[in-house]
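By letter and in written order, the chains are A, B, C and D; residue numbering begins at 1 in each of them.
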């Protein structure tokens, strides 16, 4: 709950923090596991904030497209919940993984039930659900994201998609292992294809902030008031994002930033302040846990300055 | 943020839920790993809620003492943070464990640094800090809890303490393993002694709700306005409670209840709604993860009915 | 070293043990993970022993073909060592796994280097080597086995091979994981294809005993004296068979039987007494570790009675 | 089986290998986890071989006492088997551990049953057995070793014992964990005390070689023909030594040396050639797995030159 009851000057605040953080050196490293990601300019830096009253603010490279990578897992999760509801939780759990994000250990120990829908294995199960439920999953997923972002100009990047496919042997290991436990219904290659399309989505900071507003707004689109998912589902997605959104740094993010947030190896982070705003930061240099270094710093400073915290 | 802006009739709400849940059968099992816990009447059931405006409500056995067990770990954590501040985080992490609460696996893999201060190994490190910092740790811990609860009539149960000691070989394994990694400064037996005293604390539902109000109230005692810990420390403790308070069911609790909460094998659960209230439920029958079955149900119903959720 | 220095009446001894063990009830279960294996008659039971002097003995169904399954891993290992020598040990270790045979845990922890060439992942690496080194790996592997067995009438069973392929998602997980660690050079599907062909090899007890004589005979074919592998390589293969040949029961087999031995889920076991004989037992009912129940019993009785033991 | 049927000139052979290996540089590191071990002269180097015909040979520092450390686990195992026989195998398994020697992971996963009697946890269970069975376990263990070595001048080193006790928190973790699974009958401190006495045994290379002759000689003392353990027990101990004697390098030792062998962090290694000899090497510099570097080299060269191999 904000301590300020008058409208804050968000633009001024993000400008100030942007300037401050721009001047700091950072030692992060751009994700390099696929060539298509390595090519990004490491100095890109953008911040965007949108409120549930549809005010949007931005600074730096906030209108430039970048690869949202794992952040897209929140979109597939939301769509799957909309389609099959609580039945999803028979096939994927909601517990933090407590292990690095690409570990097969827990998955084997827990008989092919992924710990949560925001780790790779969980997102693969979610993709499997979409394939079973939708006629044209790739097209309908894209339309869903375009609707949330209120913007038709959002697409998969086929070069990134291709690059992921060629280096995705670990994901192929995950999906085959789950298939061996009967937790994948469709053909493994089809599941991987949707998964890599999902990861290759490109959006700008402002599009991403807009599209995450439904989680700040009880499941409703702020610009039409259409109820996309129930208020209860929206809260539960926030809870899952908070406990599981940062791989093995979820506790740290909750601890330092105090909001539900999701990161991607493309250097994007989006955080949600319920009933108020969604905020996105993009800076490609990552810390050792694969999360944007500047992104973490900006959000910690921002929530401190605006006294935004769910705690 | 509550959706109701007028004072809610909390007494009526908890009465209604208490009645409803009392009538349900539950198949939980009372903790039996020590004789002293096994003796409790499994049908005990109490609920208490206290607001930061110092209104307190209760129903059932809410004024009866019970063994708070692991809930006490929040008190030692708070006291240690007050004493040594952020230095604590060099010796214990803030990540969910993703494994059953008494597992030595992660502790060995992570070189004696416990995943968080609310699992057994983390609480043992916290006890080690208290022993290094305090002249009479057992006495001063008790005084600290009495102050938070605004009640001198809170004590260790020496029979429970003795019983834990005689069956605590796994905790002895933990503390010795951490000592082998140089993450325990004091004598292992002294650390275990403080730890078992801590676990043996007895409180009523209403005392427990009162004592947790500082986490709803930005670190201040609601009845004197004394600042016990900083607002920021209070928020961070809430974040840690949310991500780590329910062993391997933390995600589930965040997901279903939507508040930070901590459970104990004595059957107690306490949950915090920031800026509003703390609520305690006590019912000794546990689910397979060691958390009170009725406690989970009451809190899920209560937060749904009152639309309390941090998300 | 045999205690008897005169020729033993092996035929009489195996007849006696065969009769004795036939009369015992056993509670084992036929492997059922693929339909093609499940069809076998569970009461099949054969024993064959061949000496390095080319005397061969047999009793029961010792001239009936069965699926040798994992026993075939010894053939691919031998062929790979013949082709690339000690370079093989850069890609696969020689340590016992200490974990069930299809576990991915160790493989991930040890960065894609399998523990030994007789677990699934290790055999997949060995198959990858054969594909890199041979023009027509499937044909040349078959010819190699036919040569060792001195018998052209040995083939892959394509129904078993097909059945394995359709249920082999866990092996696909292994090979993809190793590919992600760059320990697979060829296409994953090609590697799996050779692997499943290898597993589908069918041989009789007497063919299998004959083909393992090179390990009793210092690497030489007993019937032509051709040196197939060096004496040193032969000893090292025996050492690897002893420490790793029985999945998580290798210690038990060394302990009870006292000879190097290899088992397969088809119910076959072959054991080697250096400088003397190779012996094969086939009985499809397996114990909980996946090893033939009667096979273990026969070999324990046989080595006791003949005082054969390398220890 | 030796290829040479005339008596070999063992003295000449070990002299030659000793000289050759002395001239090589080695980069090993002396064990430093306890001060008492760190003090040893890293350049000490001795070899001794004794045959079952009671011929003994030696070169270098073969008559100097050193800390035999884990090699002593074979003595306690032998004594426990003599006392309770096969009942021992209900409390400890005979499988290779497949994990570093001080890992708690498997022990927890396997519910307090150690993988084998030659890892620390297994030896602690064996010590627990001795305490339950013997009136004065420390004295009787010493007498047993003196008898095997045919030498009264063998003792515990109390400084080493004390030093181990003060740094043995990991062993205390093991024994407490097993106690929590009810696999330790006696007081944990008493078990640790016997264990540390056992580890502190000091012997010379020639005493050690003599005392291991019973395993080459079917369980009989070669100098009196007294049957200490059955031939069958002797073979089974050899099998256990082969599969489990070198921690996570057991496969490597079997592979390179081809004999059952046991090492200790004091830099000693003893190997057994059934029906022929026992050989000891001592050189304190260890490889990364904690086994004597020169010891491994000497034994590999020796078994190659003399064509000694059980395979």
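In this text, a residue touches a chain if its C-beta (ideal position, glycine included) is under 8 Å from a C-beta of that chain, and two chains touch if they have at least 3 such contacts.
Everything quoted here is computed from the prediction, not taken from an experiment.
Chemist: Using the contact definition given at the top, which chains are in touch with both chain A and chain B?
Modeler: Output, common partners of chain A and chain B: nil, no chain qualifies.
Chemist: To reach chain C from chain A by way of touching chains, what is the minimum number of steps?
Modeler: 1
Chemist: Tell me which chain's centre, taken as the mean of its C-alpha atoms, is farthest from chain C.
Modeler: Of all the other chains, the one whose centre lies farthest from chain C is B.
Chemist: Using the average of all C-alpha atoms in each chain as its centre, how far is it in Å between chain C and chain D?
Modeler: A distance of 31 Å separates the two centres.
Chemist: Taking the mean of the CA coordinates per chain, how far is chain B from chain D in Å?
Modeler: 48
Chemist: Once you find the CA centre of chain A and the CA centre of chain D, what distance in Å lies between them?
Modeler: Roughly 55 Å separates the two chain centres.
Chemist: Mind pulling the chain C residues that touch 2 or more other chains?
Modeler: In chain C, no residue touches at least two other chains, as defined above.
Chemist: Strictly by the criterion at the top, what is the full list of touching chain pairs?
Modeler: So, checking each combination of chains, I get A-B, A-C, B-D, C-D as the touching pairs.
Chemist: Under the definition above, what is the set of chain A residues touching chain B in their complex?
Modeler: 1, 93-99, 106, 115-116, 232, 234-236, 238-240, 242-244, 248-252, 254-256, 258, 260, 274-275, 304, 309-311
Chemist: Going by the contact rule set out above, which residues of chain C touch chain A in the complex?
Modeler: Residues of chain C touching chain A: 103-105, 108-109, 169-170, 172-174, 176-177, 179-180, 188.
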